[in-house]
Each structure stands twice: as C-alpha cells, then as structure tokens.
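One chain, chain A, appears in both complexes that follow, with chain B as partner in the first and chain C in the second.
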Partner chain A sequence: MALNLTINSSNPPLGALLAAEHVKGSVNLSVEEGKDTKLYVSDQVQFSDVNSITRYLARVAPALGLYGSNMMEQTEVDHWLEFSARYLCGRSDLSLALLEVDKTLALRTFLVGRSVTLADLSVWAALKGNVESQVKSGSYPHLCRWFSFLSSQVPFSSVGSKWANKIT
Partner chain B sequence: MALRELSSLEKCLGLKKPNKYGTQGERKVPVLQNNNGAPLVGLVTIASHLVHEAKKTVLLGNSAEERAVVQQWLEYRIARVDNCPKDELKVILKELNHYLEDKVYIAGNVFTLADILMYYGIHRIVVELAIQEKERYLNVTRWFDHIQHYPGVRHHLPPVVVLRNRVYPSGHH
Partner chain C sequence: SQGVSATVFKGTADLDCLLGKDLGALRDIVINANPSNPPLSLLVLHSLLCQRYRVLSAVHVHSSVTVVAPSLLSCLGPRHTDSYTRHRFELGFTLIWKDVSKLQMKFNTQNMCPIEGEANVARFLYRLLGAEPQDPVLATQMDSWIDTAVFQLAEGSGKEQAAVLRSLNGALGRSPWLLGQEFSLADIVSACCVLQANNCTSAPPNVQRWLKSCQNLGHFNCAYELLH
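== the complex of A and B ==
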C-alpha cells in the first residue's frame, strides 16, 4: 500500500516531515509539496492534523520504535504530542513550558525511553519553528543540550536546513 | 580488571576471535602479544589497536579536534580515574559533571571509544553512589545511563539503577 503525504510548502509541518524521513526506509511513502498538509492513506481515509499524521506513520512502522516500546512509553509519547500542540505551538510566552521540558531532560538523553520517539520529533519541530533564540539563552541547559544534539543528527539536520527557513 | 574490560571491548566492537592477553609489572598493565610485530602494552594502546582491527576508526573521532578530545579523555581515564584514592572521587565526579552538562557523549554529539572506556572505568564509582548523590552529579548519571544502555556496551558489568525523574528537586548543582 502506497502512502502519499502532501505538505503545505508555505508553512511546512516539520514534525510530519521528520516522521516521514524516519519511516521512508520501511514504508512506501511519497512526499509532495502542495497547498494543504494531508496524509492520503486511501480514498476513504485521509489525515490532515499533524499529530494524527505522525501517529499513523509511527504505527505503520512499529519496528522503528517511534511510538515507544511499551504501554507506559506510548502514554508518555501521547503526553508530549499533546504538550507541544497545546503549550508550544502558537504561544507567545513559552518560559514555563520550556522550564518543564528542561526539567524532564535533566536525567534523560531523549524525552521518552532510550531512543528517538515522536515526542522528540514534535517538541523539536515546535521549538525549531518558534523559539530557537530563546532556547539558546542559557537558562535551559538540558533543553539546549538535547536540542543541539538532535539538530546534529540526520534527519533533523537535513529537514532543518531544507524547511525551517520557510516557516512563517 | 583491565583484561575483562578488553574482552568486553572485543565483543562490543564485534571482533570474532578473542585475543590472549598477559600482564606486566605490579600494576598489572595489560600486554597483547601481536602476531606481526612488537607486543602492545597498555589499556588505551591495545583498545585503539582493537578499534583499528575492527575497522571502526570513527570511534576514535572524525575530525582532528574530535580525535584530540577522545585521546584526552582516554588519558584522563588512565591517569585520574584508575587508582584514584577514595577522597578524590568526588573531585572527578564534579569535573565530569560540569564537563557533561552540554554534551550527550564525551566528544559532544558522537559516540566514541572515550565513552566506552570511561564507562568501564567509572562504573565502580557510580555503582557505589546513593540516589541523592546520583542526582547531585546528574549529568554524569544521565550520560552513564545512556552508555550502559547503548547497544552492545555493557557486557561484564552489572546494570546500575538510575531514576529518570528528579526526586530532590531543589538544588544540588
């Protein structure tokens, strides 16, 4: 079954693009630029919300562990998807939310479990668009370390350099 | 100690055929009698040789700067961590904790031989720490936990339990 992801090229959804890059080796998925962001699964099934798109992509490639490796981790991933949609995207004052992320990362390399998950993708994507300058100020050492570590890794580096400057 | 460490390193590097090692002197410095040349002496020398043999030289660093950092911490391991008197352990943990605040791995963003050998070397110190102390040196703890779960590294060493949320939230930096 071939999946097709169309992305709004004037406001690219970094989280969905990152998820697409992660699963492209295990799933037959094509990515096109267009007017609206939409994941086409079949004539009957399409997703237009970024969290739904990333969730679906993570679930069709379970071997990658993007949704965590047990029920506890899945719930944590859900928490961070919700968190980034509600407290990071489109907010003007982020200081409390950033403090929360910083606190979580004190004893963790990744937000959930011991490898990259959707939690990292969605929070990184939300921060990449909005607040890179705030993040670098030095008041969030753990957040900074995590952010620059992910930014140095493929596919974060390639997605970042290709799309981040197009975010409006 | 060093010999078990080298045999774990061989497995970690994916080397199929185990080497035979001897020791020399009072401090039991490991010696590898190489088939085609002079014997190799010393943990770091032999470890670097094994990395070459496994054709995984990325573990020694990619750039000149990274290679120098890796060598620096391999030397730190031998000179400071090994045979460290008990009353100086805190100094090492403090130094390392400060150094690791903005790093995931010892060389920054890439996993290297320095992570493996520092993990082997510091294990006996971390295993003795109380929960509160692990939280005081939380950058060391986080790095340690990441390395002990890094695929193929742990081998002969028992896992150390690490809490992933802070229980003493106010201070101790």
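== the complex of A and C ==
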C-alpha cells in the first residue's frame, strides 16, 4: 500500500522530508506539495504533526534503525524529538539549548547510538535555515562538526538545498 | 496501598533481553521530579512494574527542596524492610523530589543521555513492561495521544484543553480505550493529564466513564491519593 506525504510548501517540515528521503528505498512513499503537512496512511489513519510522521516512517522501515536499535536508544530518540519541538523550534534565544546539544556531541558522532536516527534528523532540521550562523559561530565546536558532517551527506545536502531557503 | 490490581499486561518481558546483560549491579532508574508537579503517570507505571518485577523502590528529598508533603514521601508504597538485600531485586526505582524545572531520568548514564520530560520517561517505563504495540500505526497513534496530552492538555490554553477533551470524548465513544480494545500508555498519560488539569467533574461523559475504567484497574490508586 502506498503512503502519501503532503507538505506545506510555504513552511516545509524538513524533519519529515528527511525521514521521507531516508525511507524511500524501503517504503512505497510519494511526496507532494500542498497547503498542509499530512501523512496519509489510509482513509482511517493520517498523521499531521511532524513527530508523528517521522515516528511512523521510522517504524515502517525498521531495518534502517532510525528509531534506534534498542529500547534505551529509542528513549533517547524520544528525548531529542521533544527537545527539538520544545527548545529549538520557533525559539528566539537558543544559546542554552545549543550548549546542551554541543555537550552531548562532545564524545559522539551521532546524537544517539552509532548511526543516524530521528534525533539527528529533527535537531538538524530545527537548526537548518534558522540558526546556521549561530551554530557555526565557534561557540559550539562539537555541534558545528556534527552539523557540517550531516550537511555534507545525502539526503541532508539535497533536502537542505531544495527546501531550507523556503523556511519562513 | 496497591489494592486489588488487575493484571493488565500479560506478555512476558525479560530485562536481560530488553536492556542487555545484567552486569551484577542493580539496574536503578533514578527520577528527579519537582514536588510542585508530581508525575502521576510514572506512579501508575511504577505500580505496573511492581506487578511484573521485584522492584526496590525508594523516595528521597534533595537538599534543593525544603518541605515535601507526607503523601509524596509515601507515594511508592511502604518502605522495603529488606532494602539492604539489593541483589534480591530486579529493578531499582528511585524517586528524588528535587527543584528541577523539568522532570529527568538518569539510567545507565555511561551509554544513555539523561532523559527529560515525563512523557519520555513514561515511554521508557512502558517499554520495560514489554507492552508497546508492534503495529506501526498503533504505536504511532499511542505516541500521538501522549504528545497531545502533554503539549495541549497539561500545558495548553483553556481553549486547547477543551479541544483535546472533545477529541478524547469522540475517540472514547468509538472504543473503550484510546487505541481500541487494549489499555495502553496513551490511556495512562492522557488520564493523568485530565486528572491533573482538574477536569474530571466537568469532563464529557465518555471521558468520565473512561476515567472510571482506569481507576478500576487499581494502578491509579497512588495517583488519586496524591490528588486528594
């Protein structure tokens, strides 16, 4: 059964777009531009908030490990999903939150575990386009390394160049 | 104080499978919570964990807090008389009343970052019960209800709260529990947020009936005791 993701093109949800790009080889998923962001699963089931969309996509492609590889990693992913919704999205003063992310990344390549997860997707998406200059300011060396590393990889690079300038 | 608790989850969960091999030390879940906002959903989950595992529970008061109500000190039940025999327990559950702005859990801190937010700690404790839905739709609907309860019911405006109560009432008109025929974490977190928002008496009829069903399970006793 095909999934359909409609995205609000005037305020593109980068996290959902990244998750869609990650799972597209494993899941039959089409992406369209529209007025509202919504993942259509069936007539009875639709998800419209970004965290639910990314959680669902991660769960239908379990082999990719986007939701972590054990229950402790899953819980860390949950922590970062709420963290980015609460402290990064739409906030004016991010310095404390950025310090927190920087501290976490001091000894880590990815936010959770040893490969990319929804935690990286949602935190990167919250920072891309909004506060890139702050991230690269020199105050957050580990965050800056992680951000540049992800930004240079597909699909972060393609999603970033296609959508980040459309963020309002 | 546990009363007649119904066995709600029948699956078997093995901690070694869920958490990796036990290295000999007690697996201790340490939760820092602010006494001005007691985490009711975690108390319900504690009761469920006690039904499944031998849990060594303890309540402490951090020096950042001066006065804590007696009901908060006894919220995990009576003190264990054999707490010196830590090896006889499978799981530690340590609740520390502390002046924190956001609830946090520390567990296996060498590998795991501190987890913030009552909902995320609740998800962790629920996974320990091995009761998470396997179906991606159900699992995501469960998370979606939890997010709605936490962001819109517990922290939202009066208007947002009313909207959530309406959607809860609609869902509970179609099935006994939020995910259908099975009680889940969505019910635990949402019911606790309704109770905490003091909406129980003004809540719409299906919500009231559902709160009663939750209460009948027995595991909400500790939460109700704190509210009165």
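By definition in this document, the second predicted complex is superposed on the first by the 167 of 168 C-alpha atoms of A that agree within 3 Å, B and C clash if a C-alpha of one lies under 4 Å from a C-alpha of the other, contacts with A are read in each partner's own complex, and residues count from 1 in each chain.
Note that a contact is a pair of C-beta atoms (placed from the backbone, for glycine too) under 8 Å apart; a residue touches a chain by one contact, two chains touch by 3 or more.
Every value quoted in this text rests on a predicted model; they were computed, and no experiment measured them.
Superposition of the two complexes onto chain A shows chain B and chain C fitting side by side, with no clash. Within the superposed three-chain model, A:T109 lies in touch with chain B and out of touch with chain C [touch as defined at top]. Once the two complexes are laid over each other on the shared chain, residue contacts for A:P141 go to chain B alone; chain C is not touched.
In the superposed model, A:Y40 lies in contact with neither chain B nor chain C.
Look at A:S52: by the touch rule set out above, it reaches chain C but stays clear of chain B. Of the two partner chains placed by the overlay, only chain C lies in contact with A:E76; chain B stays clear of it.
Put simply, the nearest alpha carbons of chain B and chain C end up 6 Å apart when the two models share chain A. The residues of chain A shared by its contacts with chain B and with chain C are 104.
Interface residues of chain C facing chain A in the complex, by the touch rule stated above, are 18-20, 107-108, 111-113, 115-117, 119-120, 123-124, 127-128, 136-137, 139-141, 143-144, 147, 151. If you check the complex, the residues on chain A that touch chain C are 41, 45, 47, 49, 51-52, 55-56, 59-60, 70-72, 74-76, 78-79, 82-83, 85-86, 104. By the touch criterion stated above, chain B contacts chain A in their complex at residues 101-104, 109, 135, 138, 141-142, 145-146, 149, 162-166, 169.
Residue ranges on chain A touching chain B, taken from their complex, read 103-104, 106-109, 114, 141, 144-146, 148-149, 152-153.
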